[in-house]
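If you scroll down you'll find the structure; I have some questions about it.
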Amino acid sequence: MSLDNFLMMRHELVLTLAFLIILVAEVFTGEKKKEKFRGFAVVLFAVVTAIGMLPAPEGTLFGGMYQAGRTTTLMKNILNIGTLIVLIQSFTWLGRPENRDRIHEYFMLLISTLLGMYFMISAGHFLMFYIGIELATIPLAALAAFERYKNRSAEAGIKLILSSSLSSGILLYGLSMIYGTVGSLYFADIAARPSTAALTILGFIFFFSGMGFKMSLVPFHLWTADVYEGAPVSIAAYLSVISKGAAAFIFIIILYNVFPVIIDTWQKVIWVIAVMTITIGNLFALRQKNMKRFLAFSSIAQAGFFLLGFIGGSKLGMTTVIYYALIYIFTNLAAFGIVSIIAEKTGKESMDDYDGLYRTNPKLSLTMMLAMFSLAGIPPVAGFFGKFFLFAAAAEKGFYVLVAIAVLNTIVALYYYLLVVKAMFINKSENPITYFKSDFMSKLGLAICIAGIVVTGFASGLFEMIRNLSYGI
Amino acid sequence: MNILSCLVIIPLLTITGILLVKDARQARVVSAIGMGIQLITAFIIVFMYLSERKAGNTDQMLLMSSYEWFRSLNIYYTVGVDGISVAMIALTSIVVSAGVFASWEMEDLKKEFFISLMLLATGVFGFFISLDLFTMFLFYELAVIPMYILIGIWGSGPKEYAAMKLTLMLMGGSALLMIGLFGIYFNSAPDGGELTFNIIEISKITIPIQAQRWFFPLTFVGFGVLGALFPLHTWSPDGHSSAPTAVSMLHAGVLMKLGGYGCFRVAMFLMPEAANEMAWIFIILTTISVVYGAFGAIVQKDLKYINAYSSVSHCGLVLFAILMMNRTAMTGAVIQMVSHGLMTALFFALIGMIYGRTHTRIISEMGGLMKVIPFLGVAYVIAGLASLGLPGLSGFVAEMNIFFGSFEHPDTFHRVATIIAITSIVITAVYILRVIAILLLGPVRDPHYSEFNDARWYEKLSILALLTGIVYIGMIPSGLSGIIRDSIMPIVEKLM
Amino acid sequence: MADFGYTVWILIVPFVTFIVLGLFGMKLKARISGLTGTLGLAIVTVLSYATAFRYFLGAGLADGIYQKIIAFNSTWLTLTDRLHIDMGVLLDPISVMMLVVISTVSFMVHIYSLGYMKGEKGFERYYSFLSLFTFSMMGLVVATNIFQMYIFWELVGISSYLLIGFYYSRPSAVAASKKAFIVTRFADMGFLIGILILSFTTKTFDFVTLTDLNGPAITSTGGAVFLGMSVMTWSMILIFVGGAGKSAMFPLHIWLPDAMEGPTPVSALIHAATMVVAGVYLVARMFPVYYFAAPEALQIIAWVGAFSSLFAAVIATTQTDIKRVLAYSTISQIGYMIFSLGVSGYGGPEGLGFMASNWHLFNHAMFKALLFLGAGSVIHAVHSNYMTEMGGLRKHLPITNITFLIACLTIAGLFPLSGFFSKDEILTAAFHHDKVLFAIEYLVAGLTAFYMFRLYFSIFHGHDRQYDHTPHESPATMTVPLIILAIGSVFSGLLPFNRLVTSDGAPFESHIEWSVAGPSLIIALTGIAIAWVMYRKENTLPDRLASTFKHSYKWAYNKFYIDELYLFITKKIIFRRISQPVAWFDRHIVDGTMNGIAWVTQTVSNRIKGLQSGQLQQYGFVFVTGAVALVLFFIYLIK
Amino acid sequence: MEVREIMFAAFALVIIVFSVLTVTSRRILRAAVSLLFVLIATAGLYFLLNYQFLAAVQLTLYAGGIVVLIIFSILLTSQISQKFEPIEWKKALFSALAAIAGAIVVITTILQHTFAADTAAAMEVNMHVIGKSLLGTGADGYVLPFEVISVLLVAAMIGAIVIAKKGSPFKEEEKNK
Amino acid sequence: MNSGIPLEYYLIVATIMFFIGVYGFLTRRNLITILMSTELILNSVNINFLAFNRFLFPGKLDGHFFGLFVIAVAASEAAVAIAIIINIYRRFTSINVENVNELKY
């Protein structure tokens, strides 16, 4: 392997290195220093993120098993940024006494899932894809069950891992059928040997179900809310943005690059699934009181919006999906960040507890409002641009009915996002959450998110950059 | 930098200013200064516009400038004005300034109130100067959303319900609109070439008629919701009655005009063939709006409800006139927008001030106010007279343009609709005089009324600003009407 | 042609007075503001008279015909490509005559009010409104086009509204003003639609063009036929509806008696002499169009006028509020004028009715203003409106008594007072036109004499009532106008109207036709005689008569229940049957639909919560069935 | 009937019968043992397909490793003698319906498909080839997944430890909500 | 070499096994038996891969290696799942899946 090859794989290699450093560090750090290790790990990850930004060659490695291109690099960088924010946000939570002895493990598990996502995105072969997806899931289940002392955390863990094994079973079955009808598991080969046989489509649909599970599309979404609610907030955030984002990325790559032949079929499938996902997600989100659960259903609906970018099969579609994912990372992490801060300080997670928050904690409330507006697609924050372009991508190919259903759903969505705003700004409370000061890391995390929410929309350069980097690999 | 962009930047700077000041009481001063500058800018723009025209510039849009934004989607930040936008800008700046003064004594969360108000202003100004559908849509939504906060926090009555309903219905409208915009955008280059959001560019091509048939109604209804198109007007009574004074003023005075403005600037201008085909449906709806709103207003008990229904009627007239598709009627529509904007803002300002004193808006609980607060009383009467279309005040000019323009239509259907619409002037007189009689005239109802102060200086300022506009247009209409008539020409030509 | 540009000032001066008094009146002393208003009006009067003299004495004459002179015109607002609203001054015989009438009466009223309104709160407001009225009325009569007329028509309406409601803390005044405005507004809607149709057909608003015998209005075939009449006829009928509203013709008369709630000088000015004759003026202004293009409309006009005059006269015989008697009398007299136009022909002696109508208008303005001001003087003295509370006032109010008597004689049409001449011409015109109408008008002439003297005797004769304080004669500011007007009503019959104000501008010869005038004089005297018997001295005759014709009396006393009918229509039909259902519909059906959508969404959301049961296996079930269903759907159902 | 066919039939029968037993047996240990049989029979099928290496892996890792793991956990968490309560009939019915419907749909689709065999010569699957492929970096080389799976295994281990690890400085009961 | 037994037979056996596994997943109460059901599912997939590899594409070893890695993944998945199940047992004192439903709606 030449240096170029190393550079091509730098995301994975650097991350593996980080993984090893933490593993070694665990052995050598004493009990008391473990707490301080948090900072080191965050800095370490920041370095990883920075290295990821370096320019690098493109191409395939391992005989097509691994492929790296502008798009995948961009995707990984986006995921890096998101993960960095998650790590920053989990800082305080990790400092809790019951978590102190497992700080290293936390980082290792998280990093290994991220590594899985990288391999998933860079896969050139379904085996790599499969291993990547499992690597991205199994440690996550452990992380979901991370809070050993909580029933709910354990429940979240078991629900995640069992659902995921069912889904990966179905996905694998689908892959086996694709293998059987096409004869290869290399992406390039499958694209080169078109097959529109019924069995291929069956395989595709089973594969789709598995991806639907990862992206939490209806009807494969039912685990989502339970796991988000039970898991630690930072893990829920991670699941909702990074894991989902990565799944969306690889899914769109596979759809565009591996299955262009059966585009007619998958457009129909996506049409149906998108409508169901958006609608059901919204209908459930409507009545949620627990903030984490609320965000879970909202993220289901958001996943449905992602599909609008998928459906066109165009360059614009891929661009907008990536762009929206970036926006969505900032937005949703801001929301989860606030939920996490408040849960950390007061243990309150219900929307009713947020009544009158603005009067006691105006900055938090404003951030939350920005996040809600961005999720709802209200200008001038980034969500508006993201949604507009997503819808444009679907409309470009004439899916106006789908766009119509989606935009009408945004009204329902707006309703429940406004409920949060209403709770914070309008409702009055007998005993509101009292004023508290957040620590530096929480503030930093939110500041990054706010900057992202405000800037990503207006910065057309970013969109253009993504557009130039998108499509293909 | 283009002077038009100042209209967007000044409110934003004002927000920054408000954030910087410590004392909440200073916030109002900052906003007043900001909006004062805004007012001046608006009038500078009016003069610049007029002098350009006088110098013989015959372009449809003047003071144009364009900045590339999203290159690959061909989205530009393009601004420019014609006579219509200039009129709307002037209206908006007057109403916003008046609104700031009308909310001088805001009690709770003053800073936040003014920030939201400025945000709303940003959206409205941005909307009127935009020539790019994307930015236009952006500003449109930007203008709607602060309403939620404004009504929700500072409103009265069932404010949460009203705020939610208003926001959802308006955003529902904008959702339809969005589809319409996509339809326009993706059909903006039927012969190949680059897609565009630019209104001027799109107006030069013909969108395929099949597409128009789909997207015209979507766009029209989308904007129509904001213009209180029957039966999608129901946000208006609840929303207006719950909103705080300045917000009602801005909303009824300016925001509802976004609907009418959009209807012809986008829906009809860009899709004239479908507009011609489908106008009859909307003419029926708007005719119903006009009469229905007026009848609805007669039996209301709450001052704000009366005015809200009256707005339904008057805004219905705007849409009605737009659909008549001739120069006179459309000119009338624009004048009606300006006129209604001023007088309804005045109404809401007065209602707010009266409410501030009597703490009720139920007309039957008040009486004889003319004796105790003559300034407000007289202003109310004048606003009422403007509303019922008295010559010499703005409403008359607008209505006459509308009626005569509509009646010009060679088709009997249009003329019958016109005559039905005309009946509204009598009904309007009935409810306006009913209110005046109960509220202002008659014996003083409550001895406590003698403790009331007549209008304070800031209230007077607010009222006079609006009154001046009403009287000016009513007395010397030819200036405004001339500007609008010239600018409406390209649109009408397209529709012919 | 002579320059009449200065006539613009007739409009500008009162307008300026209005603005000044309206904005700064509060800060002025009451007296100063009154004087300012009066001064303004003095200027207007001088200008009007100067114009009249110049016009009639030659400046307006060309080729032996009085010309229509556009003294001033400028475009105020462009409507369509061909229609534009102008503001200007049109001088022709009728407008010049109206200038004289208005300025005279208005000036008298201004002076009179200085005394009558003294000490009233809102004195400056009163004068400001008076100026507004004068401005509007002047603008109306000098209008160069029908749209300008409409504009000022509305303004007159609003000044009437403001003046009727001058005592705005009195609920009855408020109600009356509201009623007046809404009823006339309703009529104005007809006017507006009429203008719409007219302008649509003729493409012009301009009076000169409209009344041009070769113009589009008259030469047009009248357009499409609708319900048996041409569009042109319909438009003229609708325009007349506007006129009927302002002139209080049946059935739109109901506002006028109530309008007496306003201060009495206002009643004299607006509701007797000037504004209420706007309808007459309108028909006169459009007369050629009516005559040539819409003869059916003219026929309707004649009947409406005749009926109103009879109807009002009957009611007037039963009323006890002296101002109401005068109000009904006004309706009756305007009915005369309208009727007279309806029976008139065009050109030369044919246009006798036209001339008579205008003459009567002129005379009526004088004596009716006099009557009202006299009544005001009486009310001022006894602080009551009811003739049952008056009696024997001739000793206390000598000047009022005499002037009032002159006015009564004039309105009864006794030779050689002015009323005699104009009424005689009207009857002559009617005689040549239609015998039935003629008979009605004869009857009305008798009734008029009767109720006027009923009024006169009840007030000034009989014996004294219990007055709070001894009535005394009004101050000079009030009596001087009475005297001036009395002189006017005596002598205005001598004016050569047949030379000045004719249908086509050309003078013609006319003379008193004694075969008509003689009987009418006898009828009038009979009326007076009956009144003498019944009311000269207190007796039981009126009561016995009333009880004999109990039902008819009751109906007439209650004004034939027209008010109640209106009340029924407005309260029961518009409020209860239209507005309330509309409001209900809006809240419950339209809004209910919106709320319903929200409700359905919420309910569905609640119903499907079971899907998320927390049971892992159920999730799996949904997962698997979902996948299988997709396969089934996409492979086997849609290919 | 050839031996192969008999063997196949036997293995298939074992697989299906014991699969059914695995999911229906009301005694948990019996279910586990049935699973063991299924796994062994599957290995038999691999033998039939000439994939001896994989059969060996199946036997050691799956039958040996996983099943033992499962049995251990059974011992840790359940009372072996205890019989499960019978399944609610509704649940069983609907699940069975779903499974049967799924099976029918899939099998129908499979049977409708005509599989096109590759013309390439069969590859000898011996340890040499497997080793080379597994560590090959070129086309058809599997070193990358091999490396990644090691990360997965480490991560899974860490995950299992994290959950099972006893918290030292912290009292469990306090946080147990 | 495989003349006797058609490919479809393998596939059918695998499919039946797959859906038996699914049935088990949907009906079993005990978490461990659910886990066992998933093992059935994964196994059936392996049979598919290997059968395809052998019958249709014997020139390469795609299916073979896929099966190999699936086994490894299944093992790690089982490890984590069992760890969580044990934790569940500690927390809920039961590993009945129907009791593990604190999170719902």
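Each chain gets a letter, A, B, C, D and E, in the order it is written, and its residues are counted from 1.
Assume a residue touches a chain if its C-beta (ideal position, glycine included) is under 8 Å from a C-beta of that chain, and two chains touch if they have at least 3 such contacts.
All values derive from a computational prediction rather than experimental measurement.
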| item | value |
| --- | --- |
| Joint neighbours of chain E and chain A, given as chain labels | C, D |
| Minimum number of chain-to-chain touching steps separating chain B from chain C | 1 |
| Per-chain Cα centre nearest the global Cα centre, belonging to chain | B |
| Label of the chain whose CA centroid is most distant from the centroid of chain C | D |
| Interface with more contacting C-beta pairs, comparing C-D to A-B | A-B |
| Length of the line joining the C-alpha centres of chain C and chain E, rounded to whole Å | 97 |
| Chain B and chain D, separation of their C-alpha mean positions in angstrom | 69 |
| Between chain A and chain D, centroid-to-centroid distance (C-alpha), Å | 30 |
| Approximate Å spacing (C-alpha centroids) for the pair chain B, chain E | 65 |
| For chain E, residues contacting two or more additional chains | 11, 18, 21-22, 25-28, 34-35, 56-57, 60, 62, 65, 69, 73, 76-77, 80, 83-85, 87, 91, 100-104 |
| Numbers and ranges of chain C residues touching at least 2 other chains | 598, 609, 612, 614, 616-617, 620-621, 624-625, 627, 631, 635 |
| Multi-partner residues of chain D (at least 2 other chains) | 91, 95, 98-99, 102, 105-106, 109-110, 115-116, 118, 140, 142, 145, 149, 152, 155-156, 159-161, 163, 176 |
| Pairs of chains found to touch, sorted by chain label | A-B, A-C, A-D, A-E, B-C, C-D, C-E, D-E |
| Touching residues (chain side chain C, partner chain D) in the complex | 617, 621, 624-625, 627-628, 631-632, 635-636 |
| Partner chain E, residues of chain C touching it in the complex | 609, 612-617, 620-621, 624 |
| Residues of chain D touching chain A in the complex | 105-106, 109-110, 112-113, 115-116, 118, 136-145, 148-149, 151-152, 154-156, 158-163, 165, 167-170, 172, 175-177 |
| Complex contact set, residues of chain A against chain C | 158-159, 162-163, 166-167, 170, 198, 201-202, 205-206, 208-209, 213, 218-220, 222-223, 225-226, 265, 268-269, 272, 280, 283-284, 286-287, 412, 415 |
| Interfacial residue positions of chain D with respect to chain E in the complex | 2, 4-5, 8, 12, 15-16, 19-20, 22-24, 28, 31-32, 35, 38-39, 42, 45-46, 48-51, 54, 57-58, 61-62, 65-66, 69-70, 73-74, 76-78, 84-85, 87, 91-92, 95-96, 98-100, 102-103, 106-107, 110-111, 115-118, 120-123, 125, 129-130, 133-134, 140, 142, 145, 149, 152-153, 155-157, 159-161, 163-164, 176 |
